[in-house]
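Shared between the two complexes below is chain A, which pairs with chain B and chain C, respectively.
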Partner chain A sequence: MELLRPFLSIWRMHLANALQYRAAVWAQLTTNIFWGFVRTVMMLVFYRYGLQQIAGYEAGLSLAQAVSHVWLVQIALHLLPGNLIDAEIREKIRSGDVALELCRPLDLYAHWFTRALAMRLGRFFLQLIPVTTVAMLLLPMPYRLQPPASCAGLFAFCASLLLGCLLSCALVGLSYVLLLRVSWGDGPVIILKIISDLLSGAELPLQLWPAWAQRLLAAQPFASLLDLPLRLYTGTLAPSEFWSVAAIQLAWLVLFMGVGWLLMQGSLRRLLIQGG
Partner chain B sequence: MNEFSLYFRYLRLNFLGGLQYQGWPLQMVGVFFTAIIDPIAVLILFSRFGAVGSWTADRVMLVYGLALTSFGFAELFSRGFDTFPWQIRTGAFDRILLRPRSTFLQVLGLRFQLNRLARVVSGLCLVGWSLVVQGVSLSFWHILQLLFALAGGYLVYTGVFVIASAIAFWTIEAVDWIYIFTNGSYQVAKVPPEFLPPWLRRTFTFFMPMLVCSYWPAAVVCGWGVSPLLGWLPLPAGVAFLGLALAAWRLAIRQYASTGS
Partner chain C sequence: MSLIQLNGIGKTFYVAERPPGLLGALQGIFVRQRKAITALADISFSIDAGELVGYIGPNGAGKSTTVKIMSGILVPDSGTCIVAGRVPWQERVAHVAEIGVVFGQRSQLWWDVPVLDSFQLLRDIYRVSPTDFRRRLADLADILDLGQLLHTPVRQLSLGQRMRCELAAAMLHNPRILFLDEPSIGLDAVSKLALRSFLKALNQEQGVTMILTTHDMADIETLCQRVMVIGHGRLLYDGKLAGLKQQYAPERRIRATLASPCQLSELPGADSITISGNELVVDFQPAKIAPQTIIAALTAACPVSDLVVESISVDEMIARMYRDLSL
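Entry: the complex of A and B
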C-alpha cells in the first residue's frame, strides 16, 4: 500500500485537474457530439444511398450496428492513445525539465503510465454520461446508439474496454520512450499515432475494410484498443468470445509494456538533457 | 525591416530549427504517411458501397481535396495561431507584446513545421487525380477559379485560427469546439453536400464558408449545374471572414491581462 500511495495521489491530482476547466469540458462535449453526428451522417449516406446498399450487411455489420459503433467510438475516444502524449511531458522533455522527474523516487515508466491512465479515465468518465445520454436518448432514430446486444455482451465489452485502455497507456509509454530520444524529433510519435488511429477502428469499423484483410486486421495490436471490444457490444462477436479477445489483448499488453519498460531503462542510461 | 520580411525570417528560423533534429527525414516519412492515410476511410467506404447517387469517389474527392488543401495551407503558414492558447497560459504572450512589431505577424510566424505540408500534398494530389479521372478540360478561368478557391479557403481557415486565439484570451484553455470548424469542417466535405442535413450545409455555407470555397468552385469547374458566378465567391468570402476575425482579435487584445509566468 505504501508503494501505491504516490500513484494514488498522482491519480487524484489529474482527476481534479481535468475537472478544473469546466468550460473546456463543455467544449469537448460539443465537439465530440458533432464529430459523432457527422460520422453517423456518413454511415447513413452510404448505407442508404450507396449503389450496393447491401454491402454493409454482407460485411456482417448492419446500419444500426455501424451507427452504434460510431457513437461508442465517441464515448471511448478519450481512452484511446489519441494525441498520445500530454503536452506537459512533451514540454518537459523539450525543455530539459525531465531531469526533475528523474529526481523523484519513482519508476519513471510506472509514473508516466499511471499519469496516462489517470488522465484517460478522468476524461472518459466526464464524457461517458452526457455523450451516452445524447446518443442513446436525445437523438432521433436512425442516428441513435442502440442498447448492447445482450447483458453478457455489455459486461464483456466493459472488461475488454478496460484492457484496451491499459494497452493504450502502454502505447503512450512507448511513445514517451521515442520522445526521450530528443534528436529524433516527434516524427516517430506522429507515425505511431496515425497508425493507431486508423487501425483501431476509430475512423471506420474494421469490419467494413476489405474482406481479405479481416483476419489480419483483427489480430494486429491496434484492433485490441477499441474495435474488438466494440464488437462485443454490438453483438458481431458473441459474449462467449470474450476469453479469446481478452487473450489477444493481454498478449499485446504484456508485450508493449515489457518493451516500453526495457527501452525506457535503456534510454535513461544515456539520456540527453537539453535546455537549461 | 518590413513586416513581411520579418514574417519570412520567422519561418526560416523555425525551418532551420526543425532541421537540427536528426530525425527530420522520419518527419517527412510521417508527412507522406498522413498524406496517404487521410482520405483512406472514405475511399474504403466507396470501394465497398460503390457510388452514392450521382456522386462517385472522384467527385467527392475534388470537394474534399480543395477543403483539405486550404486547411493545409492555413496550418502551414498560420500555425502560430493554432498553438496560441499555450502562449497565453504560460504568459509567453507578454514577451510578444513588448516588441515594437505587429502582434498579428509575430504570432503568425511563431511556429512553422514542415510536417504540416502533409495535408497540402495530399489535398493537391486528390484534386489533380479527381480532375484527371473526371476528364475535366480546364480553361484559364477555371484554373484561376481553383487558385482563388484555395486562397479564399486559406483565409477562411486562418480566420478560424485567429478567432480561436481571440477566444483563448478569455478562456485561457484551448477551446476544443473550434475543431468543429477546423478538422471537423473538412470531414463534412467527405459527404456529398446534397445529402448533408440542411442545417449542417447552411452552417458551412453562411456561417463558416467552407463549402463556398470548396463545393461551389468544384461545381462550377466541373459543370455540376451551378451558376458560374458562384465560382468567384471564395476570395471575397475569405477576405470578409478574416476581416471579422481580425476585428475580434483586436477587441480581445485590448482587454488582455497577463496570466503571469
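Entry: the complex of A and C
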C-alpha cells in the first residue's frame, strides 16, 4: 500500500479536478447525448435502406444491438484514448516544465499512466449514470439502449472494459513518448488518434466492416479498447468468450506498456531542456 | 568527503538550423544542418555539506544546465557527478527524494487547486508521514507566513505569494540539499527580503546545503560566502566573494556632493573623476594611494558638503569580469 500511496494520491487529485468544472460537465453531457442520438438515427437509416445481404445481418449484429453499440460508445467515450495527450502534459513538454516532473521520486511512465487513468475514470463515472439513464429509460424504441444480453455478459463486459481502459492509458503513455521527441511534432500522435478512433469501433461497429476483414479486425490492438468488450454486452460474443477476449487484451496491454516504458527511458536519456 | 562532487562535466546540445524564409524552409526539408552548442565544457567543483554557494554567470552560460545535471534531469556527455553518494541520473528516483528544487520560472504547484491540496499530494509523492508533514507544514507556514494562502488556488496568488508556497513545497520532505534556480526572478523588494531571510535561516539552523543561481547580486551579497562564476561553460572563479572583489574590483569610489560648482580635472592618485551636476565621483585604488590623502586633496580643491566611500557594486564587478574575459 505504501508503494501505491503516491499514485492513489495523484488519482484522487485528478478525480477531484474532473469534478470541479460544472459547466464543462454539463456541456460534455449534452454534447454526448446529442451525438449519441444522431448516430442512432444514422444506424436506423443504414439498417432500413442498406442492402439486406451485407453488413450487420451477415455479421449477426441486429439493429437493436447496433443501436446499443452506439450508446455504449457514448457511455464509454471517456475511457478511450480520445485526444491521447492531455493539454497540461503537452504544455509541460513544450515549456520544459517536464523538468519538475522529473524531480519527483516517481517513475515518469507510471506517474503519467496513473494520471491518464484517473482522468479517464473520473470523466467516465461522471457521465455513466446520466447517459445511461437517458439512453436506457427515457428514449423510445428503437432509439433505446437494450439491457445486457445476460447477467454474466454484463460482468464480462465490465471486466473487459476496464482492461480496454488500461490499454487506452498504455496508448496515451506511448504518445507521451512520441511527444517527448519534440522534433517530431504532433504528427505521429494525430495519426495514432485517427487510427485508434477508426479501429476501436467507436465510429462504426467493427462487425459492420467487410466479412473478409473480421478476423484481422478482432485481433488488432484497437479492437481491444472498445469493440471486443461491447460484443460481450450486446451478446454477439458469449460470456464464455471472455477469457479469450481478455487474453488478447492483456497481450496488447503488456506489449504497449512494455514498449512505452522502454522508449521513455531512452527518451529521458536524450532529453533536452533549454532555458530557465 | 564532499556532498556534491563534479568532475570534468561536459554537455553539448545540438540545435537544428535552417536558413530563414520560405526557401530556407524548403532547403531544410532536404538538408539539415545541426549546430553544436557547448553548454558546459569542463566543469569541476566540490561542495561540502552545509555550504550555501552562489552560482552566477550571464544568460546562457550553463548555470541551469549544471543544476539540471545535479538534479538528475539531464545526462551529461562527459565527466562524473556524485551527489550524496549517488550518480543523479542513474538513480534518479532515489536521488530526487533527497533533494529539493525551486525553479523560479516554473511552478511545482497545481494550478487549479488550493495550495494545501498540492502540499498533500507532495506529501504522498514523497511518502512523508502524516505527523512529520503536520509538523513541517506548521513550521514552514509560520516562517513563510502562509496562513490564508494555503486555502487559495494557486492561480489566484501573486508571484511573491506563490514563491513562498514554492519554497515550502520544496522543503516539505526535508531535503538535505536545495537547488534554487533564479528563485528571486520577478519578485518585489519585500518578497526578496523574505526569501533571503528564509534561505539564510534554513542554511544556518538546519544545515541545508544550497546552490543558488541568480542574476540578483544582492542575493549573493547577503547570502553566499562562496561564489562560483561560470561563463561559456567554464568555471571562471570559485572562492569567496571578497576574493572576487579584490581581483576584479580593487578600487574604491568616493561619491561627494558639492556645495557649489567646482572644476576638477585631476587629483594625484585618482584613476578617474566624473562630475555630473553637483555630484562628483572619484575612483581610486587604496593599494596605490591612501584614502585619507585623496580625500584631503579633494576637500582642499572643492567645497564638499557630503561624502561617502564605497566599493564597486557587485553588479558592476561582474559586468567588468565578463568584459575582461570577453564573455
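In this text, the second predicted complex is superposed on the first by the 268 of 276 C-alpha atoms of A that agree within 3 Å, B and C clash if a C-alpha of one lies under 4 Å from a C-alpha of the other, contacts with A are read in each partner's own complex, and residues count from 1 in each chain.
One rule holds for everything that comes next: a residue touches a chain if its C-beta (ideal position, glycine included) is under 8 Å from a C-beta of that chain, and two chains touch if they have at least 3 such contacts.
Keep in mind it's a predicted model, so treat the numbers as computed, not measured.
Asks: Once both complexes are superposed via chain A, do chain B and chain C end up clashing or fitting?
Replies: Once chain A is superposed (C-alpha atoms), there is room for both chain B and chain C without a clash.
Asks: Counting only touches as set out at the top, which of chain B and chain C does A:86 meet: first, second, both, neither?
Replies: neither
Asks: Under the superposition described above, what is the C-alpha centre angle at chain A formed with chain B and chain C, rounded in steps of 10 degrees?
Replies: The C-alpha centres give an angle of about 80 degrees at chain A.
Asks: Classify the contacts of A:106 with the two partner chains as first (chain B alone), second (chain C alone), both, or neither.
Replies: A:106 contacts chain C only, not chain B.
Asks: Looking at A:187, would you say it contacts chain B, chain C, both, or neither? Reply first, second, both or neither.
Replies: In the superposition, A:187 contacts chain B only.
Asks: Touching A:241 in the superposition: chain B (first), chain C (second), both, neither?
Replies: Neither partner.
Asks: Once chain A of both complexes is superposed, is A:9 in touch with chain B (first), chain C (second), both, or neither?
Replies: Second partner only, chain C.
Asks: I'd like to know which partner A:271 touches here: chain B for first, chain C for second, both or neither.
Replies: second
Asks: Who contacts more of chain A, chain B or chain C?
Replies: Per-residue touch count on chain A favours B.
Asks: Please indicate which partner A:96 is in contact with in the superposed arrangement: first for chain B, second for chain C, both, or neither.
Replies: In the superposition, A:96 touches chain C alone.
Asks: Measuring by CA atoms in the overlay, how small does the chain B-chain C distance get, in Å?
Replies: Superposition on chain A places chain B and chain C at a least C-alpha distance of 7 Å.
Asks: Which chain A residues contact chain B in one complex and chain C in the other?
Replies: Looking at chain A, the two contact sets intersect at 183.
Asks: Contact residues on chain A for chain B in the complex?
Replies: 21, 23-24, 27-28, 30-31, 34-35, 38-39, 41-42, 45-47, 49-53, 55-56, 59, 87, 181-188, 190-191, 194-195, 198, 203-204, 208-210
Asks: Within their complex, state which residues of chain A touch chain C.
Replies: 2, 5-6, 8-10, 13, 16-17, 20, 95-97, 99-100, 102-107, 183, 269-276
Asks: Spell out the residues on chain C that touch chain A in their complex, using ranges where they run on.
Replies: Residues in contact with chain A: 13, 16, 64, 68, 71-75, 89, 92-94, 96-97, 99, 101, 103-108, 110, 112-113, 117, 120-121, 123-127, 181-182.
Asks: Spell out the residues on chain B that touch chain A in their complex, using ranges where they run on.
Replies: Residues 18, 21-30, 33-34, 37, 40-42, 44-45, 47-53, 86, 115, 171-177, 179-180, 184, 187-188, 190-192, 195-197, 200 of chain B touch chain A in their complex.
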